[in-house]
Structure formats: structure tokens, C-alpha cells
Amino acid sequence: GVQGQGGNQPAAEDFWAGKESNGRLDFANWPLYMDPGKPELAAFTEETGIRVDYDEAIQDNPTFFGKIQPMLAQGEPIGYDLIVLTNGIELTKLIELGYLAPLDHDRLPNFAENAGRIYKHTAYDSGNRHTVPYASGITGIAYNPDYVDREITAIADLWDPAFEGKVGMMADPQELANFGLLRIGVAPADSTEEDWAAAADALEEQRDLGLVRRYYSQDYIQPLSSGDIWMSMAWSGDIFQQNAEQGTNLRFVVPEEGGTLWSDNMMIPYTAPNPVDAIMLMDFLYDAEVAADLTEYITYIPPVPRARDILARRAEEAEGEERELLEQVVGSPLVFPSEADYDKLHNYVSVTTENEESFSPLFLAVSQS
Amino acid sequence: MAATTAAEAAPGRRPAGRRGRLAPYLLVLPGWLWLAVFFVAPIASVVSMSLMTGSLTAGFTFTFETANYTRALGLYWEQILRSLAYGGLATLLCIALGYPVAYWIAFHGGAYKSTYLLLVLLPFFVSFVLRTVSWGFILADNGIVLGTLKDLGVLPGDAGVLNSAPAVVFGLAYNFLPFMVLPIYAVLERMDHRVVEAAHDLYAGRLQAFARVVLPMSLPGVFAGVIMTFIPTSADYVNATILGGTHNTMVGKVIETQYLVNNAYPLAAAITVVLMAVLLAGIFAYARALGTEQVMEVQAG
Amino acid sequence: MTATEGTRGGAGAEAERGAGPGAEAVAGAAPRRVRRRPDWGKYLTWAVLAWLFAPILFMVAFSFNDAQGRHNVTWQGFTLRWYGDAFAYPDLNAALANTLSIAVLTMVVSGVLGTLLGVALGRYRFRGRAATDLVMFSAISAPEVVLGAALLSMFLTMNVATGYLTVLLAHVMFSVSFVAITVRARVLTMDASIEEAARDLGAGPVTTFRLVTLPLLLPAVTAGGLIAFALSVDDFIITSFVSGSTQTFPLWIWGATRVGIPPQVNVMGTLIFAVGVLLAAGNVLLARRRAR
Amino acid sequence: MATATHPERAGPGEGPGATALPAISLERISKTYRSGGEAVAAVRELDLRVEKGEFFSLLGPSGCGKTTTMRVIAGFEDPTTGTVRLHGDDVTQVPPHRRDVNMVFQSYALFPHMTVFDNVAFGLRRKGVAREELNRRVGEALELVELAGRGRTRPGRLSGGQQQRVALARALVNRPSALLLDEPLGALDLKLRQAMQIELKRIQRDVGITFVYVTHDQGEALTMSDRIAVMNEGRVEQLGTPAEVYEHPATRFTAGFIGTSNLLSGEVADTGGGVTAIEVAGAGRVLAAGGAQAGGFPAGVRVDVTVRPEKVAIARAEPRGDLVRLRGTVTEVVYLGSATHYTVKLGNGAEIVVFQQNSSDAVGAAERGDTVWVSWRPEHSSVLTN
Amino acid sequence: MATATHPERAGPGEGPGATALPAISLERISKTYRSGGEAVAAVRELDLRVEKGEFFSLLGPSGCGKTTTMRVIAGFEDPTTGTVRLHGDDVTQVPPHRRDVNMVFQSYALFPHMTVFDNVAFGLRRKGVAREELNRRVGEALELVELAGRGRTRPGRLSGGQQQRVALARALVNRPSALLLDEPLGALDLKLRQAMQIELKRIQRDVGITFVYVTHDQGEALTMSDRIAVMNEGRVEQLGTPAEVYEHPATRFTAGFIGTSNLLSGEVADTGGGVTAIEVAGAGRVLAAGGAQAGGFPAGVRVDVTVRPEKVAIARAEPRGDLVRLRGTVTEVVYLGSATHYTVKLGNGAEIVVFQQNSSDAVGAAERGDTVWVSWRPEHSSVLTN
């Protein structure tokens, strides 16, 4: 038989006792989540002498979880000291299984000082015992106006037969479920098992009408840019970056029915060989200037509210095109949403280890048909 | 005649002495061990895992749980059948294209036979994943093929081939075509050309000589080719993932997801066992009729 | 198939004796038969070869593409930049190094095991020969997902952590049978009396193996080793099951497909392909020389 | 039995020059192979007529063009120049499957995936012969080659000789106007070969079909043929009955190729009365019948004289009578069981081989080192033309 | 040259019974192969002594155990029972690489990846012979087989005959006490085979090494051997000089296997004075010398009489003299060039084959259908024991 992985949690003091910096760490993150030149990491190395190997190894939560789980179950290092996962079932499981290092908040002074209030009281990891946010973002709709000659405003547009075979949806069961639920008018966070079934039906209808070309993870951007699909579920910051990097003209909208708000969080696997270096980097990224740098490039919502002021100041100091860009970032509701904007955003459907059995297969059956 | 060929004599002639009798066992022992531990035991272990129950958190225990199989079949019969269908179609496509190519090289390749064969094999020097990904780019809706045709007005603007069943079958056939060409070539090349002349001599025209003599004599090669294409194409998921769209999922992908993403090991194992049973049952029936040695001989080229 | 001519022969042959078209007309004159028909087989072969090479041409061409950003899919002009900057991604380099070192080790280990197996199967009759054949045949024909899943099941059950070592174990497992059948084919056609001659001339069993058997098997051993190398380098499915956190070249490419494959992959692919072409061409030339 | 259905076919021995059209005639056939820039002239301006019902052999060394000639007749090769006729019809342009000749291949070329019956029935099926007749004819053919009852067997299970006979039946059953046999016995061992020679000859006599037979075995050609064409370098060197070719070789090549021959070089001393006297320096004077060239030779011309070893007598005492007689020393005696070979060295260093049957009266005629006389009748030596 | 370094080795012809220890002796050797439950007795209780310097041949049909016998001597097979001695030493348990005999394989078994020189040097290198001596001896061996100067060549580039000679040199260079040759000429064509026979015999004479020679070609055995052992079904049927074995076959098997033999069955009518009279029903009375069994036979016993075809004369008129004479009809005449074969059917249906050289005096002695007399001297027929 295969042993169970009940979570027996070591106390933070026990975990950190005797651990020291090794001068290096391995950081696994999502693509398009840091300037390709990695200036923040260079700054970190300069300041601490710690070398960072950065790997864009994470393209969706379930796959990455599936990949690291067996190693964590063996008590083996997974090859990364610092990883970034979204709030959701996989993160819940990691915590429940006891695979994450308990964070020593004495080592996170920047976080204590700079993190926004809502980021210190998350539902999925109250008290930030295991995670601190990296960035937040919105799942909405992106479309390519080169091919779509009207404005796209609603999730209902993803069901418009006019776009047969030109719609991209996400493969991640939770993302997919959210949009299915919004489509049938249910708030994901309040959904019941019956709602899930109805949402799955709606999604299957969309699929069987031939609207969906494929179910994507991070790879929806390339076909969206080249016209293989015309519109897709998308992550807010990605679209800005793609436009900036590739000169594309994609548009991102928060649909009328609402989008979803998520947070990607940094965490340290309990088997990590370099946890001290990892937690140092965690804290370094909460330096307000660093957070502003990061935001300037990735255009996701930073967990450090002060980043906005810093960027606004930089915009004033900058000239010409750069100023314009910075102003755009500072003014974007997608990077710095107002309270009203937040109202339009929904939380994730809440999946627990108990009801996962009835959730995942339902939506997996939609994407893996 | 006194001259027995080396091949006949070989297995019979053995060095004398007790040490000589032990020699074959010493020679095969390392290989046996390796295959026993890393092939036979894993197969046993996947079968045993398919009969377990449990969850990632609670652990999995052997309970002789046959419900995994009913679930596997109930949930994924469609993907299993589709995989067999795609594999079958790709195999047919491989025969349709590979046979004439093997035939032409073997019979008309002349001095360049080995060069042609090499050309058929050369693509293998490029990673299978990379070649498949390249097709994804080449076949993009506005890529170099379709885009050009659209610009020329040959194709309507919204035409596409990517993310469809034909694209998957096409990719499978592409990737496994050389496995069909090789064994057929090996048989045809070894074929005594005089047998074909004899058929012509006995009033058979080109078509008749082919249908009555060349084709039946080359069937062992076709069989070997079928084994070497049908099994891997049916179980592949790389092509379906890169080139497929909705309703194109193959069972390999399901197995991969259940193992590597969902960590639903018993269910995954049950699907695996079902796939293995379906494929191997067919193959063994088939190999029995032909003799595994002969098929492997052909595979060895 | 290649018959473009109808089936007019057959039944009518007896009646048609000697009545070939224009038989009388050319009597006496030196006849030159002009039966030029299009060589469909050749066209098809070339078409198929073009098909086989299309993605490779794409790969090679785009290793020279002056691509901006992550997506190397539209032609943006010629550059040699990526060749100078081939090793810009440390994790890609590491993946490539893993792939190559695993392939070399696979070649060596399965070369040795497979050669021993092949010699035993080709030379001796022994108990378990048929079973060995069956296991090898199954290992060759078993689908990759099944092998990957089975290995992973075992590693999970036995609490073995997956990684570099498990990839190597798996690669040797699936390539050893290929080496064995290649070597066996050679052993079967090798004259057993050559080894006896060595014994007769005073060489003991070990000396005989070293000086005679092994050199004679070398072409097959090399061929088998190359097959093992190629299978290992190319393997994706089994590797993805048992690799743990170890990256290999195909796995890296697979991961990169989601975000855009950098031109460096095309460069590496092109270089590997070029080495392969050179090796193959050298091999052909050598064989030609030897045949002469 | 096949004869019965082919009353028009003449028996053997009708010989050349019969008024009926020849079964096969080749008119100025050349065949040049081109491979990689090189041109090999395999057959050069060959003229040949094979009469109906003949057992005709092509005999010659390896590479002399025998197979090529056969393949041109069967239609597997287009001749570079010339015309092929079967019973007078020009078939140069006719593909093999429409020619009324059948071939028996050296390697048999049986269809390994078919039973013996299906092999033999193959040709008839292509012609669309009805089921009943087909069964009857295949049955008869298998009986003819003494393989009745083996129809269900696969060729792979038959011995070499049996396979050979299946190949024969497969060709014969079609009652072709001629059967081409390319070294049909080449792959058999001696015993089987001899048995099959007798068998083949019997079958040819029974069915009366024209046989064109290729062999490079002189013995085989001499034993079996009605006529022999001795080929060399794509040309026919000599054509005639076995006795003509053997007893009176026209050329040095024929003399050397067929059986063992003694060759002496000398100058013509005298010609007259159909007998030529040749002075062999250092050995003596040799008389020879005119041979092929009855016209005689001018005195002083250098020529070769040949005599077969079995025509030469060996004795310690000088023989009497109208004989050619030369003196020499025995250098080698080889006991062959039924016969003994002596090698005698003449005064000029030339060697004469003597073949003597160990018959009832033969006594050890000579021993190594003996000085002996070798002798033969003048009509047994021939003067060669080249 | 090799002889010079081996002064102790006796020349050929010393014959059996010499006081020196035999080079090879096999004592009650049996070898039974077991394969898949079945047991094949390849050699049965074989006793054999090969004297030093002899050219000794094993002759027999395929499967009679010749190769097995050789392999037992060389050490490649353990005998099931019995003892192998080389120069008196029991070597039954000694592995092949430590036996002082060398083998020449039918397929040559040259090492294709080594040069000719390295092939020949292989054995000496195993023995650790010093560089200089090695070079000298390999050079000598290559000269002996007339391949000096080809040392750098790979065997694959040599002709069949040359390869054969390399194989010979490779064995000879080790100066073994005996050389075992298993059908060394089996793979060569006729011409080359004959040339190599002469060559082999010369080399054996030159080096004086014991040769044990396996062939199934009677002619080859008769021409080359000092003594021949005729084997059948794992046993020796007859052992003697070529003339003894050929002229006086002891058994029906030997008579049939060596050359063509005529066999007549009858009842002993009378014995006396070393001559046996046998009444052959329906044909007449045949006289025979006692042959191997000089003791004579009781009257009334059924026996076989044999006579060689070349000893039989054929004539239309009744021959005179002290001859065995029988009457019959010619059923077949086969012209062989140097000779003619006649088949004569006797009154009792038995057939007598007559072999007549087409010599100077021979005239077409008879034609098919003729009634003729066949005759021979009584001392040329032998009575067989089984």
C-alpha cells in the first residue's frame, strides 16, 4: 500500500532551529511573472550575496501540484525552495498534508510593515502561517480585435455561436467552474453541488456547440495573439505584458457577470534545502521599491499598496513614453482596483478535500473530452 | 549437403563442460534481473495498485477493489475507444503511405537504397516533442501553410486544421511512419526478386504479381509494422495534447492526468491495466499466429 | 500499388501470344522500347520525405529567426544571434546535459546487458529462452504510458523517490531489448566455428570473447547502442512519469510549449540534428568503403 | 500425357534446318548493361535457332552471357539490339507475362506462401483455366514429377530435389512452347544432381517440349543435350551435337573448356590427304585430321593441336602402327579408383595428360619417373583455328 | 621447411603397426547428442589409430559422424564414453585450447577483423612466442601456402582458394602434432577444388605433419590418402589403403558408397582354390575371388557379388577366356565425352553398368536395344559379407 500523508505540523521554531543561509536558492514561478532580465533577483543577489536560480516551471496549479506531491510524500526535496501557487484546492491540500514550511514571521519584517491589510487576513491561510501573497490578479476575458469586430463585454459572449471554434477556455477545473457558475448566474463562492452540475452542463453545451477550440493553461496567449482563437479566458496582467512585449493589440475585460479575483502565494516546501534563503527572498520582495519594480513590469495587483504611490511618483519623474506607460499602470483598475472594481470581482469556488471528489471529475470531464 | 549454414549450426554447437552449460545463464542473468525488476515487477505493481482504495491523505491500501475498473470503464470508455480508433486510423495511414515508400526503396532504390532509408530515419535525430510542436506552428490557422493558402485565396479565411481529430491522426501517422516503413522494407528487401519474375513468367501482370506474390510475402513486415505503430499511437497523448482540441482526448492523457495531476493512483492504474489488456490481448493473439521471434527479427531490421 | 497498367494480362494471355503492340512494325530494326511512364513510386517517396522533413526545416529555419519576445513563430528576419547565445537558459542547459548524460549511460548499460542477452539468445539453447523472448517482446511492444505508469506505481508503492536515477533505470529497461535483438540477429548469422577456431588456436574462453567474439559483434553492439541512445534522448512519456524534479530536453520543450519556445531550442535541435546527420553520413560512407 | 494434347509438336532430333519454324530464334541480339557509367556487353550480336522439341544447352564459363540470353528470351531483359522470335512471331516488345515460354529458376523461386498445388496452379489461374481442368492438369503435372500427394505441402518443407521438381511442374503445367532452365541443378549436391539429370531428360522425352538448358557443367551438357552452344564472352564459339563439340573442338576455347585437353603448339610441316603434319619443336612430329578446317593449312603456319587424354595410350615399349607417338617421362600418377591419371612431360617441357581406365586388362602401365611412349591415332587430334 | 625443425616426425607411409606411439588414438569413443528428449548416437564405440605423418581420411555419407569424430579429437565435444589419446597421453579432459592439434574448418573460420598476418600469428601469440620468431614463422607459413606478401590483406578480400590457404597456414604455423581438416574443400568449386587437392597433398608431404582429413567425396579420399576409414552410422566399416578399399570392398555399404558398383545376389554353389562360384538365378554363374573373406563360404548361403563398372567389358560377340560372362540387353547409353556408360539388363532383371573409356580403339561398342555380352575376370569381383 501507499502510505497516507496526514499533516503533522512541526512548530515554526522547531523547523527553523539551526537553519542557515546557504547562499543560493531555487525559485519556481509562473511564466510572465517577472521581467525576463530578472532585475529584482539581481538586486537581491547584490544585497545578500545569495544566488537565485529562477525557473518558469509552473503553468497551472493542478499539474504542478501533481508533480511535486509524490516527492513531498517521500520527504524528498522537489528541486525548489520557493514556489508560487494560487489560493485553491491544491494550496489547501499542501497545507493539510503538512508539506509547507511554517513561516517564521520574525524573518519577514518587510511583510509585516508593507503588506496590505487584506493580504494579512486571507481565508485560505489565516495568519499567513505558510504563505505570503506574490501578486493578485483577475480572471476575465481577453480578445483580439483584429478578428473580433465588436466589443466583448460578457461571459455570455463566450457562448455566442458566431465565434464557433474560436473560443479558448481554461483547463483548470476551478477557473472553468468559476466561469460556468458565473454564466448561470451563481456566485462561485456560494455555489452548491447542484450549481456545479448545472455549470458543468452549461460548459458542456458550450463545448458541444463547437465554440471551444481548446482548453488551455498558460498557453492561451500565443494562439490568441496569432488568431487561432479570437477570445479566451485570460489573466489580467498577461495581456498587458503580451501587448508590451509582442506589440499585439489584445484587450482585456472584466465581464459584466463579473470576473474572479485570486492571489498567487509564495511558500516554502518543508523539504526545501535552502529555506532561509527562500524566506529572505520572500521578505525582499515586500520591500516597497522592489514591489513597485515588479508591478511596473508584470502589471498584476501587488500585495504592497505603497507600490502605487511609488509608481505614481516615478511617473511624475519620467518623461515621454515611459511616463505614459507608468501613468497607465497607476491608473489601471486592473492593477489598482477601486472598491467599486472589487465589488465586481468574485472569490473562488470553495473546494475542500472533502468535496473535491465530486468537484474535479465534473469539470475534468468538460476539458478532457 | 554437408554445409550447414552458420545460423542453423549456431544454437546447437555449445562448448563442452559444466561451465559451458552454465554460461547462458550467467550471460542472461543481468538482463533478466533488470527486466524482472523494472518491467515485470512494475506491471505486477500497476495491477496491484488498480485494486487499492484510499486517498492521498489517508494513503492507499490493497482491498481488491474492483470498483476502480467499473469507474475506469464507465468514465473513460469513450477515450479508450477513441484512442483505438485514432491509433487504427494512423496505422492505416502509415500503411497506405509507408508501404509504397518501402516498396519503392526496396525494389527501385538501386544503389541509393541505404541513403533513402537513412533519409526516412533522419527525422529521429530531432526530438519527437519538438517535431510535433513544430507541426503545431506550421499548421496554425495563419501559419506558413494555411496562412499562405488563405492569402492566395485557396482557402476561406476561417479554415483551420489544428485542434481537430484529423490533425491528431495526421500527427500520429507522421511520428510513427518510419516504424512502418522499416519492417516492410526489411521484408521486401530480403525478398528474392526472382519470385516476382517467376510470377511474371507465369502470366501475372504487374498488379497480379503484386497482389498474389509480393503482398502476401511481405505481410510479416506489415504485421510487425502494425505492432510498432498501432500500440504506440493508441497510447500516445503528446499528439492529441499538442494538435488536438475538444473531443480529441486520448486515454493516455487521462492516465497521465490521473497519475500526475490528480494523484488518483488506483483509478489511474485501473485505466492503465484496461488499456494494456486491450492492446496486449490483441497483440498476443496476433503474435501467436506469427511467432514473436519472427516479428522481432523483422523489428531488428 | 505501383501497377499503373491494367490487368489486361491474366486471362487473355494465351490468346494474345506474340501480339504485342507494334510487333510487326519494328521487325528487323534495332528496337528500343520506350515505355516511359511516370514513376509514381518515386514521386510519392519524395513527397513523404518532404513531409517527414517539413517540421525539421521549420525548426532549422527558425533557429535563424530574429525573433523578439517569447514567441518564435513568425519570421522576423535572419540572425545568427541565437547561435552565439545558445546557452542562455541555464535550466535548458541543465536539461540538455541530463538528457545527454542519461543517454550515454543508457547506451553503455543497456549495451552491455543487451549484448550479453543477445549472445546468450543467439548462441545457446537453455531453459527460459522462450520466456526471455516473451518478456523482451512484451517490453518492446508495451505502450509507453503503461510502462511509465507501471514504473511509477512501483516506485510509489516502494517509496522510491523519482529523479535522475529512476529515469536511467527506466531508459535502460526499455532499450535493453532492442540491443538484445540487434545483437542476436548478428550472432545468428555469425559463423560459430570462428570462435571455435580461436579456441583451437590456444585462446581460452575469455580471450576468445575479447579477441574474436566481441570485435565481430561490434557493429551490432554499436548499432544497438545507438538505438538505445536515440530512444533515450527522444523519450518523453515514460520520462515524464518517473522524472520527479529532473528535467530533460524533451520535458523542458514540453513545458516551454505553454509559454513559447525560445530560439535556443531550435539552435540545440539543429545542432543535434546536424551531428546526427554527420554521424549517419559517416556511417554510410564507412560502410561503402568497407564493402569495396 | 502432355504430348497427347500437343500433337503438333515434333520430337527431338529433328535437328537444325527442319522446315518448321524454329521454336525460338534470336536474331543479332545484343545486350549491354549500363551501371554507374560503365557499360558491360553481356551478349554480342548473338544468332541462335532452337528447334521444336530439342534439348538445347547453352554451355560456357561464368559471365559469358548465358543467363542474359535466357532472360532476353523470357522477356525479363530488353535486348539492346536484335529480335526475339517464338515460333516465328516477333515478341521483342511483348512483356514476360504474355510470352508463351516458361522459366525454371536456379533458386527455384517457388512462392513460399503458397502450397505446392497453388504454386503449380499459379499460371493456369492467371490464364483463367476452369476449376476442373485446372485440378486435372495440376494433378497430372505433379504426377509427372512424382509429387502427387504432396500438393498441400508448403515448398519450405520439401527437400532441394523436391523443390526443383515443383519448379519444373509449375512451368510444365502451362505447356509452354519452350521451357527455359537456368542452371536448374546448380544448387543440388552431386548425387541428387545426377538423379535429377536422368529425371529431367525423361520428362523432356515424355512431354516433348523444347528445353533450353543453361549449365556451366560440361558433363551435364554432354549427357543431356541434343545440341550444345558453347558460349564465350557473349558469343557462340561452337554449336553442334555433344559428340561434335567434344570430339572436334573448333577453337582453343572449346577444347579447353569442354573436358581436359592436351594442347601442343607447332608449325605446319605438310598438308595433304586430309591430314596435317605439325612439327612440335623438341617433341616430334604430330599428325592431325583436318578437324573443323578441312581446307588444310599452309606450311609454316603456327597452330595448336589438341588431343583428349582418354585417346592417348601410354606404354613402356614403343607402340607400333599408324600412330602419333611421342616420348616423355611420367611426372605424376593419380589413382582415381575407376581410372588412373598420368602426367607425362615431353622433351620440350610440354605436359601430356593420359587418362587410363583401370579396366580388366589395364595393369599399372607406368610409374612415376618411368620413361614412356604416349601415342594416339591421328584422327583423334584436331588442329585449332584460334 | 617446417620438417627441418621437426626431425622426430616420421614421413608418410610408415603405416599401421609402427612401434612409435600413434599420433591420435581413439578408444571405444561414443558420442550421443541429446536434444529435446531425443538421443542421437553420432559415434558408436569407435576405435581408431592414426599414425604419425599419415594422411588419414574419414570418408562416409552425410551424418555418419565424421565431424563429430573430429570435434571429439579437437576437444570441442566431450565424448559420452571412451578415451582420446594424443601421442599416448590421455587428453579426454583437456579443453581445446590446450590440445596440441589444430583444425581447419570447412568454412575456413578466418577472423574477418584481422589481417592475414594476424590470423596466422594468432596461435603463436597465444603461446607467447617472441616477436622475432613469430615474424619468421608466420612468414615461412605464408610462403609455404604461397601467400607471402599478402599478410596485410583482410581475409574478406581474398578468393576462396586463398582463404583456404590462410586457414591452412594458420593451423600449420603452430606445428601441431596433428592437423584436422573437416571438408576443407567442400565450399570450393570443382576447378579450385582439384587445384587445392594437389596443393594440400604437396604441403602435407613437405611438412610431414599428420593429417586427418574429412570428406564425403570418394574421389578426393582415394586421390589423397595414405589410409581411409570408411564410416557409416557412427562406426568404421572398413579401413585400408585407397586401393584396398576400392578394389576389395568388404561390405555392401563400402562397395556402394565408393564409386559405382554392380551388385548381384545369388547362392554360393561351390568354393575352392580361393575362388567362389555363385549361382545368380536367371542370369548365370559368377566366379569371384575370396575377397576380404578368404576362408570361403559354405554352399547354399545367399551372398552378394560386386564388380566395378570399369572392370566389365561389353561386346556383341561372346568373349573368350577365363572370364565371368553374362548376357543381357542394353537399355541405356550415355555419352560422357571421355567415356560412355552402358546399362545392361540381365535375364533376371538386374542391371549391370558398364563404363567404357572412349579411347583410341573404342568403337561404339553397343547401341540401345542390342543384345550383348558383359564379362570380367573373376579376381575383379568380390563377395560381400553383409
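Every chain is named by a letter (A, B, C, D and E) in the order it is written, and numbering of its residues begins at 1.
In the analysis below, contacts are C-beta pairs under 8 Å (C-beta built on N, C-alpha and C of every residue); 3 or more make two chains touch, one makes a residue touch a chain.
Worth saying up front: this structure is predicted, and the values here are computed from it rather than measured.
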item	value
Pair joined by the larger number of C-beta contacts - A-B, B-C	B-C
Central chain (distance from its CA mean to the mean of all protein CA atoms)	C
Rounded Å distance, chain B centre to chain D centre (Cα mean)	55
Where chain C and chain E are represented by their mean Cα positions, the distance between them in whole Å	53
Separation of mean Cα positions, chain E and chain D [Å, integer]	30
Chain A and chain C, separation of their C-alpha mean positions in angstrom	42
Chain C: positions in contact with at least two other chains	9-10, 13, 73, 125, 152, 156-157, 191, 193, 196, 199, 257
Of all residues in chain E, the ones touching two or more other chains	35, 76, 95, 106-107
Multi-chain contact sites of chain A, meaning residues that touch two or more partners	1-3, 67, 70, 226
Complex contacts: residues of chain C adjacent to chain A	68-71, 73-74, 90-91, 152, 156-157, 159-163, 244-246, 255, 257-260
Interface residues, chain B side, partner chain C - complex	6-7, 9-15, 19, 23-25, 27-28, 30-32, 34-35, 38-43, 45-46, 48-49, 97-101, 103-105, 108, 114-116, 118-138, 140, 143-144, 174, 177-178, 203-208, 210, 227-228, 231-232, 234-238, 242, 251-252, 255-256, 259-260, 265, 268-269, 272, 275-276, 279-280, 283, 287, 292-293, 295-297, 299-301
Of chain E, residues touching chain C in the complex	35, 74, 76, 95-98, 102-103, 105-107, 109-113, 122-123, 126-127, 170-171, 174
Residue ranges of chain D in contact with chain E within the complex	218-219, 222-223, 242-243, 246, 258-260, 308-313, 334-339, 355-360, 375-377, 380
Chain C to chain B touching residues, read off their complex	1-3, 5-10, 13, 39, 41-42, 44-45, 48-49, 51-56, 58-59, 73, 112-114, 116-117, 119-126, 128, 132-147, 149-154, 156-157, 169-170, 172-173, 176-177, 180-182, 184-185, 187-193, 196, 199, 205, 230, 233-234, 236-237, 240-241, 249-250, 253-254, 257, 261, 265, 269, 272-273, 275-277, 280-281, 284, 287
